[in-house]
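The chains carry the letters A, B, C and D, assigned in the order they are written, with residues numbered from 1 in each.
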Amino acid sequence: MNKVLFFAHLRDAVGEEFLTVNASGKTVAELKAELSAKYNLPKMETIMTAINEEFASHDEVIRDGDEIAFIPPVSGG
Amino acid sequence: MNKVLFFAHLRDAVGEEFLTVNASGKTVAELKAELSAKYNLPKMETIMTAINEEFASHDEVIRDGDEIAFIPPVSGG
Amino acid sequence: MNERYSRQVLFPGIGKEGQAKISSKHVLIIGAGALGSGSAEVLTRAGVGKLTIVDRDYVEASNLQRQQLYTEEDVAEKLPKAAAAEKRLKAINSDVKIISIIGDATPELLEDLVVGVDVMLDATDNFETRMAMNDVSQKYKIPWIYGACVGSYGMSFSMIPGKTPCLNCLLRTIPLQGMTCDTGGIISPTVQMVIAHQTAEALKMLVEDWESVRTSFVSFDLWRNQYTSMKMSKAKFPGCLSCGDERTYPFLDHENMTKTTVLCGRDTVQIRPSIKGELSLDRLAGQLNSLGYTVKGNPYLLSVEMGKERMVIFQDGRALIHGTKDLTHAKSIYQRILG
Amino acid sequence: MNERYSRQVLFPGIGKEGQAKISSKHVLIIGAGALGSGSAEVLTRAGVGKLTIVDRDYVEASNLQRQQLYTEEDVAEKLPKAAAAEKRLKAINSDVKIISIIGDATPELLEDLVVGVDVMLDATDNFETRMAMNDVSQKYKIPWIYGACVGSYGMSFSMIPGKTPCLNCLLRTIPLQGMTCDTGGIISPTVQMVIAHQTAEALKMLVEDWESVRTSFVSFDLWRNQYTSMKMSKAKFPGCLSCGDERTYPFLDHENMTKTTVLCGRDTVQIRPSIKGELSLDRLAGQLNSLGYTVKGNPYLLSVEMGKERMVIFQDGRALIHGTKDLTHAKSIYQRILG
């Protein structure tokens, strides 16, 4: 299983700080697409992903036990 | 074994961000006394201790694998 | 030892040598809103040699809640932010050479200003300007520090050409509909926390303590008590058009910039964004509604009343700003809502 | 909606109701140095109803590097910090009722001032005052927020009577020789980061969002890129004399306070600290030497030249400040060095 953490407006949209899902074997892009559909999340292409606190690209494959975090870049300043 | 993290001037005195020591079975006060003597650290009575990111009192016993952090309260403002 | 900087010189990370370096360096801050005014104050107090600050807006009442150089008087006088910032910064530290520029940070202006600069600080409110800063950083080998915030959420990342990944490695494109302070709100502590990170990094770079520069991407939420550090060693993208071997600096290219045109004979400015995409008009309407704006719409466009102006936004991101002929002002309104 | 606070009202954690609460509340800030001036600015911009700020010092050149309300003119005029702060805060936001008090935050003064206060912010530079604030917080059931910093290292902790542990649970005694900005130096980003934490917590308390108040003790080092959150659920000490069942509020007792006396017929103030202890004079001498002070000594005492004054420190913490008859000034000099 995988713990998935959400930041900023994603957390509001999901309604939880984190979810526990089985994402083992999926790519980051696949997990994004799945969650985006399920929770009606705003476009996730430009949202950064960390796997175990390390930056991960869209095609990186998630393993069992990995902790995923979705970090939306924001533009306010 | 135990990872021991140092903050602020303790880190300067020790010269490392962390040490690996065997503190299993010792109390927090005993570990403080030992490190204080070995590294000639300033008085450690009022330095706060976290075990596994949780506040620990002087008489708490350290177990193998616990991560210890010494957090000096400072008074600047 | 100059008494003024004595407490900073006492800090072992700076010392006398570090202070001498700081006072010989030049920092360029893009934006004089919340992040820019705060960072400018920190670096002016720290005694940087020269500080250039660029902003296109003037001080408004809604800025005072978080933009720390400005007062009610600046609002009453409708001073440009860059000018109001310069006035206060000079009262704080007359040793620092302050250069304020009232204008839009276009790639052309950035390329002019970056000559001789040691560090660039990001304090803008939109990704188009950030991507241009990123390209300028790579082209002229000047480190820059990304910072941004919305609500209680903020982030910072230090980029050193040739050493770290760049912003284009991370994003690959300009995000459409990024959250802005005008759509998500903002509290001042979030601003302070981003400033703390950006200016600490700037000081490390100014004293040339490159070993201490943070290599991770920090993000945090002060209301939800979250703080995370993301390691970036694997984030460099070899095919990156900004920092890779086949670099083209795409965001310095006029083709990739937002276009603004005054529509002939009408009090209206047209905005065409650089990136073609599909906005979710429903979501945007809901968001703007909940913010108290009067929004009308149909499946093809939204019409939003914004004080004196009215903005009509089409699904492809194009917009008309009715009620103004001022290109910079119109672009500013557009980017405040769409990021 | 008041345009001024519009971006803050947009933030869901505050909203219109939260803003109404903020504007009806009273915050007491103890200290108008780096933390106090910064927090006062944040809360004044946020539109708190009433803000009381207390400080015993006047503005000096060495303050300008990090104390954000003050300018070179305030130094030239040797304005008391509380007065200089009031002047700037009123220019920033004339909606806020600012009450500035020039004086030493003794337990008596704290007990007078705390009536009707909703939140207290710690911005002092010594533990004696903090312990008195902690007792006042428990006695009058007013939450307070500890904050402190030295160098690039800082910390914050929110204390709610009846709910969280108190400062006396954690320390059990006043630390002798705590690090201060006068001995360890300070950089302004560290101040900003502590302010960010303290004022975010204050806003949560002002809007009565008690669920969001941080329960952990935060400490960080901006130069070393460390950040840690220590859980405090086990930190409450049942025998605590400040918050336990057998409480005596020891730090409101005159017996436990630093005593200052003008020595008869001499231009000298004697300081006797509340806690008997043994200073490490060697360590202190080394520290003060490396800071550039002229220090002479023998095994029983140190003599330190400090501008116009000379301080003689004995091993038990007692000191003589030669060259002044001003009790508050002498105590301020003492606590700057010894915390």
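Keep in mind that, in the parts below, contacts are C-beta pairs under 8 Å (C-beta built on N, C-alpha and C of every residue); 3 or more make two chains touch, one makes a residue touch a chain.
Note that this is a predicted model, so its numbers are computed, not measured.
S.K.: Compared with chain A, which chain's mean CA position is the farthest off?
M.R.: Using the mean of the C-alpha atoms as each chain's centre, the farthest one from chain A is D.
S.K.: Averaging only over C-alpha atoms, locate the centres of chain B and chain C and give their separation in whole Å.
M.R.: The answer is 41 Å.
S.K.: Where the centres are mean C-alpha positions, what is the separation of chain B from chain D, in Å?
M.R.: 26
S.K.: Averaging over Cα atoms per chain, report the distance between chain A and chain B in Å.
M.R.: Here the centre of chain B sits 36 Å away from the centre of chain A.
S.K.: Can you tell me which residues of chain D touch two or more of the remaining chains?
M.R.: Where chain D meets two or more other chains at a single residue, that happens at 12, 151, 181, 184, 186, 224, 229.
S.K.: All pairs of touching chains?
M.R.: A-C, B-D, C-D
S.K.: Which part of chain C faces chain D closely enough to touch in the complex?
M.R.: Listed in rising order, the residues of chain C that touch chain D are 1, 3-14, 38, 41-42, 45-47, 60-62, 64-66, 68, 71-73, 91-94, 151-152, 181-190, 192-193, 195-197, 199-200, 203-204, 212, 214, 216, 222-225, 227, 229, 291-292.
S.K.: For chain B, which residues count as touching chain D in their complex?
M.R.: So the residues of chain B in touch with chain D come to 5, 7-9, 11, 17, 42-43, 45-46, 48, 50, 53-57, 69, 71-77.
S.K.: Would you pull the chain C residues touching chain A in the complex into a rising list?
M.R.: That would be residues 31, 33-36, 122-127, 130, 147-151, 153-155, 165, 170-173, 175-181, 184, 186, 217, 219, 221, 224, 226, 228-235, 237, 280, 283, 339 of chain C.
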